[in-house]
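One chain, chain A, links the two complexes that follow: it is found with chain B in the first and with chain C in the second.
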Partner chain A sequence: MIPSKFDYVRVNSIDEAIQQLKQFNGEGMLIAGGHSLVPLLKFRLSEPGALIDISRISELKGVRKEGDRIVIGALTTHFQIANDPIVKEYIPVLSETVRQIGDLQVRNRGTIGGNIAHADPAADLPAAAFVLDAEIAIHGEDGPETMNIDSFIVGPLITMLPENSVLTSISFAIPPAHTNAEYLKFSHPASGYPVIGVAVVAGVGENDVIDYIRIAITGVGNVAYRATSVEEKLLGQTLSQTLLKEAAQLAAEEGDMASDLFTSEDYRRNLCKVYTERALKSVFYSN
Partner chain B sequence: MKKVVGARLKRKEDPKLITGNGYFSDDIQLPGMLHAAILRSPHAHAMIKSINVEEALKAPGVVAIYTGKDLEGKIGPVPSSWLVPGCNLKEAPQYPLAIDRVRYVGDGVALVIAEGRYAVRDAMYLIDVEYETLSPAVGQKQSMQIDAPLVHDDIENNIAFHWKAGEIPEEVCENAEVAIRQSFYIQRVAPSPIETRAAIGQYNPGSGELTLWCTSQNPHIHRMVLSGVLGISEAKLRVIAPDMGGGFGGKIGVYPDEALVGYAARDLGRPVKWIEERNEHFTASNYGRDEVLDVELFGKRDGTLGAIRVKNTHNVGAYLSTMGPGVSTIDFGLMVTGCYKIPYASCETFGVYTNTTPTDAYRGAGKPEATYQIERAIDLFAKEIGMDPIELRRKNFVQKEEFPFTNAQGLLYDSGDYEKPLAKALEMLDYNKFRETQKELRKQGKLIGIGFSTYVELCGFGPSKVAGAIGFQGGVWENATVRVHPSGKVTVYSGTSPHGQGHATTFGQVVAEKLGLPMDDIELVFGDTKAISMGWGTYGSRSVAVGGTAVSIATDRVIEKAKKIAAHELEAPVEDLVFEKGIFSVKGAQGFERTFQEIAKSANMAWNLPEGLEPSLEAQSFFDPENFVYPFGAHIAVVEVDKETGQIEVKRYVAVDDVGRVINPLTAEGQVHGGIAQGIGQALWEGAVYNEEGQLLTGTFMDYALPKARFFPEIETAFTETLSPVNPLGAKGIGETGTTASTPAIMNAVMDALEPYGIKDIEMPLTPEKVWRAISESEGK
Partner chain C sequence: MAIENVNVKVKINGKERCAKVEPRTLLTHYIRDDLGLTGTHIGCDTSQCGACSVMVDGEVVKSCTVLAVQADGSEITTVEGLGDVNNLHPIQQGFWEKHGLQCGYCTPGVMMAMVGLLKQNPDPSDEEIREGLEGVICRCTGYQFIVEAVKHAAQIMRESEVQLVGEER
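Up next is the complex of A and B:
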């Protein structure tokens, strides 16, 4: 459980980080909280030539409201997010989701940027990112750019993060005031990762018609995803228990389910149905 | 002064440990120390065609690399220490490094020594081993088949031993009104102490003394076995067990790794440190359990049990571990009747070699398995005849007045009152009300279940005569020295070797009460073969019952001698001396007193001792009990099953244990809690899995599910006290009761919850998917 040899440099600005990435010519990796990367290093599954430590770049930390979005610096820890008053007020589903990541030690060290950039298919965070229409801000050699979470995560541990660039912040859309949200998770008894995690943000308008709905599912397959066909089924419909049941059934039928030592594809499909239905019920009927 | 024995004292050990001042193996730093790493086989079964160490030897900092061939003739095989007689036991030699063939994933192939723990690992990865893979033997039942690959060429059908005990007249089984037949798999589990294994060797070429610090539950056994393996005099080998982060049986074993470290330290003349890595631990450290039990329970419709017949097929792994052979035979096979008066019993055990990591004793060792099968079978029997499981248990309990009681397999249960803890547990739970609530909740579609486990456990190893008769390669008596310093402060030396249990506190309490001293005046020394002449370590819930008794007797001897000195000084006959609360006084003569401290000084100065009395105040005891001790109790679990997902929630857990005299209720509860967590871990979450190629699929904590605190409700504990006649403390063992009782309690509760579906059994661990499948199948989905 000891990594192979690597160089280490600490940088104090985004520009410096990019410069170092260029210098190590594809051999350098950024490290912040280290909670995704260090285990890979210890198992020697990843053997970078250098670690470029960005954890002290102060401009990458903190939470702020910008118009109708909440912007969170990449270095903000899960613990800070879970307890941040702005997050709790405007996007409570994010607070609820990060509160369920790992354990206290992990939440104290792990950062939102590292988590999203690592793109673990079993991570909790992408579920919230999808329902809150997350935008990923990236600073590369040609300056800043943004990408939607949809196009950013493309596969297990695979993102569209360009070479020699730094993920600087993630912004989340504030859902309409009349919506409710839920993140419901079945955690693996060993790893604590979601075997399934369902995030829902939804609201009903006049005559019990569903006028806002976002559903995202993580853990079940190769990559977290927004269940758009399920959303389409629900949007504009009159709320009923039967409707939610049908929607959950659809989520289960349409999702790509993986299997592993702990669960089969069949069982995951069942979980997808049950957890989607429960999350929907909780959002629509809890108050 | 308040009673000290029985007081809820906080642990003496903890201030040191929780302030980071513990001294664990990895804290040891010696001048010039080298680091070791062991290259292990990635294959379950393969021939070693060649090992090329050239590149590795050139790596920076590398000092030496040893292969199995290099060590041939220089270091012996590591033997098993439990050679159970009468079972045609075939022990394959386990050389510290594989010579030409590897037999499990994790089998040692090369030992690398280098300057620094980073360098040694970098070098290890440069060793090039060419293997020719062979078909592996995986799974005990498959590995007994005629066409199964052989783990050791000269051991037919991979059968390591075939043991039998007990006879049942044929007609008892044939004429039985009720026969329950069920197979259970007690799956393989990883002891997983928070501290992995470690060894540090230091050799003095001048004196020829080798000091070996290692994570051992029994340093004297390590010394005895390793002196043979390394060919070094026991008098020149010092084994020290420093502070340890748990063992759970996984650190009983004498492993090849400690022998390798000792060898390298001597060969190189420099200290060598080896710290096992966590992922290495999953392949290189002994596992527990892995037994297939085929059980038949016979009896009458009125609930009278007549006989139990059990076959145990035990996966021993690739080699026999230190205690391995005893677990599924003696420990299991003699306890199959549990706490019931079943007239006949028989047990047949096959030990089977496979290409997997060896299995050894794990918390409870054989007794949890025995308890599991009888407690599960009893429930199935109750269901079959339509009797309440409590009533069936009560009907067949060994009754209070029948103790000492000889069970069907010939073991003598020392004392018991099985109704007492059961009644208390039922009261704590409010059983009758529970059944009403359960009915209500079932109507609402909720699946609530209750499960019982009334157990008896064999522990307190033990009478040495019996140990010899059952092939244990050691005595199991215990040794204590109580040394009183001139100031009256006391150092106690014990041959037990705690690694988290809190002996310094409980043994201290025994001494403090007897001598009338504050706890702070008593220091305990364990785990150093140079400080403690002999001893047999800590396992099998033996420490208080055997080691604590030795401490108690040695303390009595100190008092006896001190009385002679006090009598001499007070000019009174010894018979008239009274010793109470640390004061020697003369019966009926007020004011004639000496304090314990005054006598301690007199004894050590020896200025004025009675004629013929030797100086100093110190006594030793070697206590060899007449019998084992048999703690018992009743555990009740309440669970709720989510019928849509199969998830199980433990709602309540009530444990009433009777372990004889409780020295410290606080540490006793700690033992019960930990034991229950491990036992429930077996029932619900844990389980090592190998695939057909013999590859371990659960090699990290990402896949191997250890119980977490948040998985449990608050555990409700209580004790009843039925003293043991076997030792003067009246104490039994507590370390393994929770593990023994809790696994079947949980299983029975889940099966009770699933009763509406007619589900009788599900193989452990009860993962949500297995439960969901069982429900789905019964619904005909």
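Up next is the complex of A and C:
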């Protein structure tokens, strides 16, 4: 399969990227790892006039700790994140999530910025981004701005990324010290993408009362979502197996379940409950 | 505005090579058609099978999912760069001795993927090898022998401290 013709420019800075995007006047597209874009180009589902290659902008790479947040440059690859000592120490659930993306070759190439900017409804990362309260840093024509993940991804392959701008980094909140976290995924056996992915960060305080809980689900519908009704059911309650089971029943409530050639809507709804319960049990009872 | 062809220069299997290609040229086509190295195979062309796997700057990637221009200036190793009949690379030795191939179609990609795995993890468990094989498909389904071959190769490399390819930069 051969993509349609396009122009190609390689840029070395964020400003240069913005300038080129302006120059191509809506016809230009950024390319990072290319592992979502190149397959689309090959199917001619995407036919940009030009590709603007940002993959060598060094200021967009790497992981650092800033106060109570971990900041990850947009071009940091899945493999680098999976093995980064700062990520492993402070937000291990992110390392666990990216370790489950695609395969060895995909993880070597794909970037966190590309994954979030692409907003594939079946991507793994949005679930972790929701439970770690991700802030998306963007640099546009008017300078830098940030958006929370819950307002950034608005639909399948649709984000609020303004025209002529670059996603520069994503920062994740370090969860409170007493919490545990988990990402559980049921992969499609051929593609490796999640049919469902559930991320949970949670903790209990005195007298076994649940005092911290964030749950997010990806893969089942058009967009990843926070399972707020599960969170509300659990917060402030005394931990028990029965409570977790009851709460997990609510997991499918916020999401629009997709029905496609992989699975029916009912099956997805059921997966939501089963995987949410498993993830909750693992977080609360594994150690 | 006419779209101009671009010069793509790489160091492939130790040799400097250059070709002028359309920006839309895939790395796999550049390697096979422009540089004439047909050891790298195309199995699916949809990023699934890994038959097209090569090392780019020391990392294994699927060359059907990378544009040639993206690899400009990089150092590439293909299956031809591993070794030859008289001087087999440990991974080739492993495949030879443990019968790691049947029809051989997937083999170049599997070997490159496994060189990539061994670079990240020189002493993988069976499970880690199987996880590492996620990005390759063997239509002859000889996975058990592939796992044996990789374990054998890992042992040879640990014992002889053979330099992995794509190390020198």
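As a convention for this text, the second predicted complex is superposed on the first by the 285 of 287 C-alpha atoms of A that agree within 3 Å, B and C clash if a C-alpha of one lies under 4 Å from a C-alpha of the other, contacts with A are read in each partner's own complex, and residues count from 1 in each chain.
What we mean here is this: contacts are C-beta pairs under 8 Å (C-beta built on N, C-alpha and C of every residue); 3 or more make two chains touch, one makes a residue touch a chain.
Keep in mind that what you see is a predicted model, and the values were worked out from it rather than measured.
Looking at the shared chain after the overlay, A:L41 reaches chain C, while chain B stays out of its contact range.
Put simply, more of the residues of chain A are touched by C, taking chain B and chain C as the two choices. In the superposition on chain A, A:L104 contacts chain C only, with no contact to chain B. Shared-chain residue A:I31: touches chain C; no touch with chain B.
In the superposition on chain A, contact is made by A:V274 with chain B only, not with chain C. Of the two partner chains, neither chain B nor chain C is touched by A:G67. Contacts of A:A190 after superposition on the shared chain: both chain B and chain C are touched. Of the two partner chains, neither chain B nor chain C is touched by A:P85. With both structures placed on the common chain, the touch criterion links A:L51 to chain C but leaves chain B unconnected.
Look at A:F6: by the touch rule set out above, it reaches chain C but stays clear of chain B. Where the contact sets of chain A with chain B and with chain C meet, they give residues 1-2, 4-5, 190-191. The residues of chain A lying in touch with chain C in their complex are 1-8, 10, 31, 34-35, 38-39, 41-42, 51, 53, 55, 79, 102-106, 108-109, 190-192. Residues of chain B that touch chain A in their complex: 117-118, 121-122, 125, 277-279, 644-645, 647, 684-685, 689, 697-698, 701-706, 708, 711, 767-769, 772-773.
Across the interface of their complex, chain B is touched by residues 1-2, 4-5, 43-44, 186, 188-191, 261-264, 267, 270-271, 274 of chain A. Within the complex formed with chain A, the residues of chain C that make contact are 1, 3-4, 6, 22-24, 26, 29, 45-48, 50, 53, 59-62, 65-67, 69-70, 72, 113, 116-117, 120, 132, 134-136.
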